[in-house]
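After this come two complexes, each holding subunit A, first together with subunit B and then together with subunit C.
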Partner chain A sequence: MKDTPLSNCERDFLLKAIEEKKRLDGRQTYDYRRIKITFGTDYGCCFVDLGKTRVMAQVSCELVAPKENRPNEGIMFFNIELSPMASPAFEQGRQSELSVKLNRQLERCLRNSKCIDTESLCVVSGKTVWQIRVDVHMLNNDGNLMDASSIAAITALCHFRRPDVGIQGEEVTVYSPEERDPIPLSIYHMPISVSFSFFQQGTYLLVDPCEREERVMDGLLMIAMNKHREICSIQSSGGIMLLKEQVMRCSKIASVKVSEITELISEALQNDKAARKAGGRCGFAESMPQERITALKTDETPVETTDATERANDIVQRAEAPPQTVPSPVVPVPGVGQVGQQNTWGLEEEEEEDEEQEETRMEEDQDEDEESGGGDVVEISDSEEEEVVVLHPETTGKAKNTGSSSHQQAAAASQKRQKK
Partner chain B sequence: MTSSACDTASPRCSSMMEVCEASSVSLREFGCEQSLLSRPDGSSSFVQGDTSVMAGVYGPAEVKVSKEIYDRATLEVLVQPKVGLPSVRERSQEQCVRETCEASLLLSLHPRSALTLVLQVLHDDGSLLSCCLNAACMALMDAGLPMSCLFCGVTCAINTEGEIITDPTAAQEKESRALMTFAIDSTERRVMMSSTKGSFSVHELQQCIAVSQEASEKIFQFYRDSVKRRYSKTP
Partner chain C sequence: MFSSLKRRVDEVLLPGDEFSFEADDTISLTEPAKPEKAVCGPGLRRSGDRLVVCKSGVLRHKAPNVFWIDSQQRRYVPAKGESVIGIVTAKSGDVFKVDVGGSEQASLSYLAFEGATKRNRPNVQVGDLLFAQFIIANKDMEPELACIDSSGRANGMGVFGAGGLLFRVSLGLVRRLLAPQSEVRSDLETLFPCELVVGMNGRLWVKSSSIQQTLIIANLLQSCDTMTAQQRKQLFRKVQQGAL
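Our next item is the complex of A and B:
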């Protein structure tokens, strides 16, 4: 499905508004949209709302063999899914340019900045390590997917708990959450990406562009930074020339934004931890807004099943009796790969044989005709059955079948004779 | 032959009768939110206990030439797992949902166009397929697509004691002997789709259908309530 194109009027309007320092949603130049962080029912599941942009991250882990050149380091794997739910322009199962760009940027932001202690993920050196997989699903694209996914990914990683393992000699046992408390990952710092969009060849700058603004922008600068004001990655795209002062100014803005967002993330993590400790229900069901008129929730509802049995009985009784089936499969000869009574392949062969037999029989019949001059049919069939039994001595079932067919043949022969 | 068949059938029937009296049947608490995403034409998230699914619908829109059907709309259903890429399991769920939606949607009203339904699994705690069906129906309703009837999904599990459990959790599904999911329409309470796993008798199947029809009443009542709440002046 194609995305709706942006009309020239809209484009001109947006650019003009930006020149007048106005934004569609009433924000100031350096304002972020409202960030909301919610957690799922299980560990390592995180939803991030950045205005209308919505992203879900899920962290999972499994035991794998390490890479040969790094035998005592765990493996980090990032996967950004541009689900068609987020935008009609995204296609299922196709690696688009955007998804490669986002994936690469997330990898640079979280893996190459060494924010996670991969050595602590080693179980047995050179044999087994933990592979941490981060799946980021885009649910709604309203611009700035990168910032939303970087917040979601790092929050999910902070929230995640991996199962504890015990090593006894060569044996590795993974303990379930009931047996031993799961262990959080050791995270040194939290890099967060901040996006800046440039308009009119870098004259105007906006923080956190929305989808409309992204469409008319000339260039994009993404700075990943942690709260210690260390730049983890920096990327400029869109082919725009930036001045040194502009980059410095962006990094200053980024440091302010990052410290705000880090504060928000740690607060959300604290809240969730407290909620889980209190033993209350937490998760997606609980985070559903109750005050909206588009949302409704019911309590557990019992279902009356008193008449279900009667109705079922009724239907079963009214239904026709099932056709008679063979009580157990018939295997003709031990060692033959056939279930059931007749094999069509065998039939064809037999028919061929029968034809041959028929020819000989015809001759015999003629002989007998000459001898007895139209003798009894039953006698002939009897004699033939004996012949067939000799031909197939291994099975009684087959003999019966061929016997019956020989009856038919005998009848046919008698018919022929009658025609004569 | 006939007498032996009757002999095997009758004790099974009587044992079923005894068992089903004791089973307690209920649906977990369920909830729904509609039009929660800005980009799709219709969206919903459906929650059953801890299981939750988000659905988004796009369309009717331009269709690819290769997928065009001259007299009706092409419906594409995508199920996105939470971890990893879609596999055979997701494909089979997609097919179940697609066939149900195709039966209820009036696709001939939008010839040569495309409808896309995307289902994102948010958490799986059993009865996932029925939750997908419910989320799909709510999203189609939100998108305002013409439908001949609504539908809902009900999952029944038969445990080792032969009791029927509706809307089972993941743990109950694991212990169950048979698992059945039915899509039931709102007009005549007929079965639109069934997906079963495990072994069960004809009698048990009929019993599960009867229970699901009973449970579908509750879900359709919930649909009605949520629409009423949405379009009322005083929530």
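Our next item is the complex of A and C:
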């Protein structure tokens, strides 16, 4: 499918805006969009969000025979996939000009800069070495795919752990992660690509162009640099003449941006490491924001709260003890069983509140018990939960106990009564 | 059937939800029994003796018997009579090819402009923006646009002048903007004067006195997509006070 064409009106507007030092999303000339780095459940899986651009990198490894001219060096392989998911203009399974260009640039940025110690990937000299494969998938294209994929690739490589191997004579044993801890790759430095786009034959310069800016730009300069200010690769495309001063200025800007991004990456890696060490929840499923699809729905439901406390007390005194319920076992991660909920009071209360509001909306006859419970909740809770229904079964224990929610609610109510 | 539909009005429904065509349990003996007829709009589909929801969104009802699903999709499907903003992609012979964001490009005859004759061709260049309406929109045929109404008047349609910014929003926001008493529009009116063209295909065109103001309006409208009415009012008030 063809991409949406760029109209003359957009082109004129963009160029005029750039002349006035304005950008579509309100950024300054040298600003990056918001970068967000998240990790998957496995080692070596990394998502990078650069504004609306979204890229996933996955590292995998394999034992192969080495290249003949380099018998004791591991092999690095980079692959960039431009799927139609990212943009309708990308076609499945065909090497487009853009994908070749991005692939080549990523190879130059990561392999040719020798940022990874390939000799440490040798298992038996001349026989077996590790092949490290980096797959970069574009999930959404809003410009500057190169920077996003270089960040994703290097972060995924830093995050990756390869299995340990043992050698007895000629025999090579690969140990599973349960037997021996996997080993991280040895990485000397982290090259990161920074893109500069030029407009009006190099008069104007922008960092991190978005998709529409990329379409109207005259030329592009990509500088890959590490935090020690060593340039790993530099590429100019689009066929514009750049002055020496311009390139120098770009490299200065790049050094600042690279040190910022490197810091962000190491912070993300540390956070993930800490989360894994603590045995907490990690991986992208936990780090995705809660997506609420009913955010537009805001009908208010008034809740009767007059004399709610008295009635509640009355009911609590008269009520009989609820039956003991054992919640169903919960499996937070494979291999770990758990009975009971780790959720807190707040969660229960929110749930009750939701339930209550839904019921009033349906204008059904309310159970007295329920109503008074709801009134009570409104009085004591100061949660800022809005009246939205979360449809994604994610993050909290809330999603997990939907099955047995009624039991739990009863249990929670009883707990509350006992508290009083 | 009616009652089951009416009971779920203003609720979120998901594809696969069903309604059955069974008659109500009680039929009045005094009044003549008239067959129930429901008119299904977008997102509802009849399948045998059931009514199946095929889009996720909120069920809406208009008296007496029209039901549809109000969704927040971004993909446009051409429909006859809708006005859209298109981009001219090619001039070939006597038709222009226009990109409207649908699955296929629409065609527009050079005679379908006000005052156009065989000798007096309209001045349309490739890459120009057009405001036009569909006169043919079938799923099996190439859609066709026209820049005149049935009486041959332009009626606001035609080629756009220079300047302004084109951007995309969801189709739901477009419908909210075009509603007779649109809250978004009235909120927008409190800011600064601007020209706004709303295409049913999710494209908006804004022109204001300065580039800064145009950008503010474009960004505001794009963020309106995911905001509640309160959040929107708060944001607009902030802009009005000159926070941006």
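To be clear about the criterion, the second predicted complex is superposed on the first by the 290 of 420 C-alpha atoms of A that agree within 3 Å, B and C clash if a C-alpha of one lies under 4 Å from a C-alpha of the other, contacts with A are read in each partner's own complex, and residues count from 1 in each chain.
In this text, a contact is a pair of C-beta atoms (placed from the backbone, for glycine too) under 8 Å apart; a residue touches a chain by one contact, two chains touch by 3 or more.
A quick note: this is a predicted structure, and the numbers were derived from the prediction, not measured.
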Greater subunit A contact set [subunit C / subunit B]: B
Which superposed partner A:L24 touches (first subunit B, second subunit C, both, neither): second
Contacts of A:T41 with subunit B and subunit C, given as first, second, both or neither: first
First (subunit B), second (subunit C), both or neither touched by A:S87: first
Touching partner for A:A308 - first (subunit B), second (subunit C), both, neither: first
Subunit B versus subunit C as contact partner of A:E10, first or second or both or neither: second
Intersection of the subunit A residues that touch subunit B with those that touch subunit C: 1-2, 293-299
Of all residues in subunit C, those that touch subunit A in their complex: 10, 12, 56, 58, 72, 87, 89, 99, 101, 103, 125, 127-129, 160, 162-166, 205, 211-212, 214-215, 218-219, 226-230
Contact footprint of subunit A on subunit B as seen in their complex: 1-2, 4-5, 13, 16-17, 20-21, 23-40, 43, 45, 47, 49-50, 52, 54, 56, 58-59, 61-62, 78, 80, 82-86, 114, 116, 118, 120, 122-123, 125, 164, 166, 202-203, 206-207, 209-211, 214-215, 218, 222, 225-226, 229-230, 232, 235
List of subunit A residues in touch with subunit B within their complex: 1-2, 40-42, 45, 52, 54, 56, 58, 60, 81, 83-88, 92-93, 133, 135, 137, 139-142, 283-285, 288-289, 292-305, 307-309, 311-313, 315-316, 319, 322, 324, 327
Parts of subunit A lying in touch with subunit C, wherever the complex brings them together: 1-2, 4-13, 16-17, 20, 22, 24-26, 293-299, 389
